[in-house]
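The following blocks contain the structures, represented as structure tokens.
Two complexes follow with chain A in common, the first pairing it with chain B and the second with chain C.
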Partner chain A sequence: MFSLADPRYSNPILSELQIKPEDQIISIRENANADSNFIITHLIKQFLYEKHKLCLVTFHSNVAHYQSVGKKLGYDLLSAKKNNEVIIIDPINAMVEDVGKESGYLREDKDSLLKSLYLDIKKHLNTLLGNGDHQANLIIDDLSHLVDLGVDVCQMINFTTYCLNLTNNDKISVVLNNHVGNKIDEIVSNNLQYIANVHIEVSALKTGASLDVTGSFTVEKDSRKRVFHYKAYDRGIKTFHPGESIYHLYK
Partner chain B sequence: MLKSYLTQPPYQKFIIIQDTLTENGKPIFDYLLQHNLERFDNKIHYYLVQGNEKHCPQNPKITVHNLKINSQNWDTDNRINITQIAEGLQKRDIIFVDSLAHCIFQYGLAETYRLFNMLKNEIGVAQIVALLHLDLLDSKWKTVELFNFLSTLSMKVQPKFSSEHGRIQYQCKKSGGRVVKQIEEYYFQNGKLETKKIEKLDPKKLLENASRPEINPDDLATFKISLTDKEEESRSQLVLPYLPKDENSSTEGGQIFYKFDEQDDWDEEDPDDDLDI
Partner chain C sequence: MDKNIHHHIPGSQFSTHNGQLVISSGIQTLDSLLGNGIPIGTVVLIEEDFHGCYSKVLLKYFLAEGIVSTHSTFIASQDVNPYHIIKELPAVIESDPEVGDSAVSKTSNNDKLQIAFRYQNLPSYDSDYGPKENKDFGHIYDLSKTIDVSDIENSDICCWTGLRIENGTKTYSNPAYNELLKSIKNKIKEGKFFLKDNPEKRSMLRIGIHSLGSPMWLPHRKSLQSIDGTRDLDKFIFCLRALVRSAYAVAMVTVPTHLYHEMSLERCIHSSDIALRLQAFSGTELENNQSLNEYHGFFYLTKLAAVNSLVSKHPGPVEYVFKLRRKRFSIEILHLPPDIQDDNKETGKKHGNKAVHSMGCSGANSHPLDF
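After this line comes the complex of A and B, so read on.
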């Protein structure tokens, strides 16, 4: 039996994703002209519901964005941060603050940038885990911004390997989002897909923009691939199997 | 033939399995590992650069070297030096590498090539088996060409084509210097890899299958539609009664002469054609 208040069953996205605690590596591939942010915000909802600790690395959107989306989805990220359930790393903001100094994330040497980012993530995850018996999740949204900062493909793969090594601790799971816009992004995304327990791919419709369907996403787990269409609304997402949009939207 | 290259002496020194996300070469890699475990007493060194240590095969003959841990020396964890391990190897040892592409990312292309060249030629280990994920490489790097030069057997997993089995395109360098290039089908039977030559298809059969048979209306209808040659001939000889005839012909009784108007609408078709008389 499950409760209707449980978003893992009642929420259309989370019920389709079916993320379990043993899914330690979740990779999200965001193809061109698509936005996978809704997957991240829904996963945050699930992790907070499950009383997991969360380390969120925000490259793509600022904290205010996650807070306002979270309010619409029914969680309060900033109050969770106050309660030491969530730690947010905002490297882009930190870089702005570091202008004029040769420290923090703003460095010419990309290896040092990645090293300091990884060590910060590790430190925060250790803080979150503490001595308690709870799970901790790392979410990076998204890796392609590191490529934008001038990190090369080898450094990217090595950085993701370090992040994935964190899952050697059974209490830690990682969610790595990656926008695919060039060859490096594609290699990084393929690398994640090889080892991910769950691989989610968000794409725009091949047939072009539509009023009824925003895009499609696939969920690949244990060699089983499921395809869904979705329609984004102001306060949530509706999902349906391809070809069922009319039935679901106008019933 | 491919199976004999993989499992029978003379054993290949350096086997590369090229695969992609859609055409997975891991089952072949796992089969070779299992085959080596069952057949030989050689010590197997498993270089883990991509996968999860929890999923590594557990066997006293296998030593797993987790090269992923602290590869860039960012952390305080113990870092494994791959050159040191390589130098400590013996000639009878077998090496399995779960991703050659990750070795390149970790150590660089030149260093990785130098390392595998050292393992194959200087130390002369019994066998090296490596997976190479093609979708983690940029064709500009020429990685495949470089390692094909170093390998003795290079296999590329390919999708199925007009058969239920997948295909392997391989290039094998024999000890005499001859290079064999071939494509074979592969499948697993009772956990064992089986390969077979692709049978040459008969072009006639292919054409028969490709072109759709012509539909003969006679076969579909319950009545006779067409005419035999004899029937066609007799029909052509029939003089229709309403057509003008020769004046010389002697006829008795009354005659009808049809005189055409200047703009007469004369239909040459037999008005009774549809009656099939």
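After this line comes the complex of A and C, so read on.
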């Protein structure tokens, strides 16, 4: 039996993704001109509904963005943070202090930057897990900004390996979002696709921008690949199979 | 965010689409294209046209709007002296002279174009001439006049000329990037533009960076990286994004992207929120194209990110063009003109039987469809 309130059945995106607790590694690849943020915000919705703990690393958008999108999707990230269900590591905010100083996120020694970031993540996940019997999720949005900070490909692979090894603990699962903009991103993303339980790829339409369809995404799971088109609305996303947009938009 | 706090920021308004606080770009057609204006805390990246003159006009409009709305201004350039850009800013005027002229000529014309009655009362899509929602928001400028010197003196303007700094950081191969970020951060700090600050009178900072990443920004002799090899630009835009996200500021950056590989720019576009591209016709084969001779170039909206919302206001598959007249710059939807040319004599032939025969790849008669 399932409850109708369960977003895995009622929400169009989550019902297509069908993420289960055993899917410990979820990788999201964001291609040029596409925006995969909606996948992450929807996954947060599911995790919070399932009473999972959450560690969110925000490189791309600030917390206000997640909060206002979350409100529209029906969850309150900041109150979950107050209740110690969510811990947010906020590099885009923390970086402001480091600008011009070569410290923190902008330090020259990239190895030590990644090490301290990893140790932070690990510490927070351990705090979240505590002694209770619940799952904890790590979401990084998005990895590729580490490349902007000057991290090279070996260090990136090392860092992702460390993050993926967190899943040795059955209670931890990781969601890694990666925008593909140059060679390094491509390599990292291909590796993630290889190792992930669920690989989601969000792309813009090949034929250019459209008002009826925002973009397409593919879900690869158990060597099965499904393609969807989606249309973003103010308060949610509609999904449909390619070619079926007309039935859904004029219904 | 509490809306009451922001009520008194001059030159800003809440977008009707998503309640986001937006400021005007100075060009009303561009504002409506971006969904009422540029959201605060965002980076606008403009890919320059080949000669960089139209992108400079966009930047000037953006800065002039800031000065008229009493915003603070930060301007940086290594290619030209930023003081010159400030001096050349267009002057604000009450009403649009060119629109007025054309309206008069339209009404004086007796053979008015007749259109079907059901379309007559529909609003015009040319939002440039439409009613303005907010009088404080967006002004009209005359490019043929320059701004008053007294206006410049009374405004808070900070210029960054980028004198060559030889020693400095190792994180950037050219320390100028780091210096510029430092200056922007100091400006934000001094003016209390950070979101967490609580100044008596809240204002906005407009950051204009002209020709970032041009050859003037090349790494030093000592470093072995080429203009494509260095990742300075990616890092700079990402740091700038972090800075403006946490402040009441908007940054407009023009980049001569034709100097770069397409792939190396992809990361910059990802770190910016709005990405525009100008492609001028001059110097290309489109220059002599009859159907485009009214316009000066294509205007592409490469990216319009969904800030604080799920859905982006991207206008979809519409092609835009821009034109620069003596007094104003405007962006319009590309309409191909009706095909009325001097081939009236030939049309008779085309409709005859001959046309059927001549359809094909070859043929003695030159048919427009032949190739």
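Keep this in mind: the second predicted complex is superposed on the first by the 243 of 251 C-alpha atoms of A that agree within 3 Å, B and C clash if a C-alpha of one lies under 4 Å from a C-alpha of the other, contacts with A are read in each partner's own complex, and residues count from 1 in each chain.
What we mean here is this: contacts are C-beta pairs under 8 Å (C-beta built on N, C-alpha and C of every residue); 3 or more make two chains touch, one makes a residue touch a chain.
None of these values were measured; they are calculated from a predicted model.
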item	value
Combined model on chain A where chain B meets chain C, clash or fit	fit
Partner chain in contact with A:Ser10 - chain B first, chain C second, else both or neither	neither
Partner chain(s) touched by A:Gly100 [first = chain B, second = chain C, both, neither]	second
Partner chain in contact with A:Asp111 - chain B first, chain C second, else both or neither	first
Touching partner for A:Thr161 - first (chain B), second (chain C), both, neither	first
Touching partner for A:Asn84 - first (chain B), second (chain C), both, neither	neither
Three-chain overlay, vertex chain A: chain B-chain C angle, C-alpha, nearest 10 degrees	90
Chain B versus chain C as contact partner of A:Ile187, first or second or both or neither	first
Touched partner set for A:Asn126, first chain B, second chain C, both or neither	neither
Partner, of chain C and chain B, that touches more residues belonging to chain A	C
Lowest inter-chain C-alpha distance for chain C and chain B in the superposed arrangement, angstrom	13
Contact residues common to both interfaces of chain A (with chain B and with chain C)	183
List of chain B residues in touch with chain A within their complex	21, 50-53, 68-69, 71-72, 74-75, 102, 104-106, 108, 133, 135-138
Touch list for chain A against partner chain C, complex	32-33, 35, 37-38, 41, 62, 64-65, 68-69, 72-73, 91-93, 95-96, 99-100, 102, 106-108, 144-145, 147-150, 179, 181-183, 208-211, 214, 232-237
Chain A-touching residues of chain C, taken from the complex the two chains share	1, 18, 169-171, 178, 181-182, 185, 194, 231, 234-235, 237-239, 241-243, 245-246, 263-264, 266-267, 269-271, 302-303, 305-312, 314-317
Touching residues on chain A, where the partner in the complex is chain B	111, 114-115, 118-119, 122, 153-154, 157-158, 161-162, 165, 167-168, 183, 186-187, 190-191, 193-195
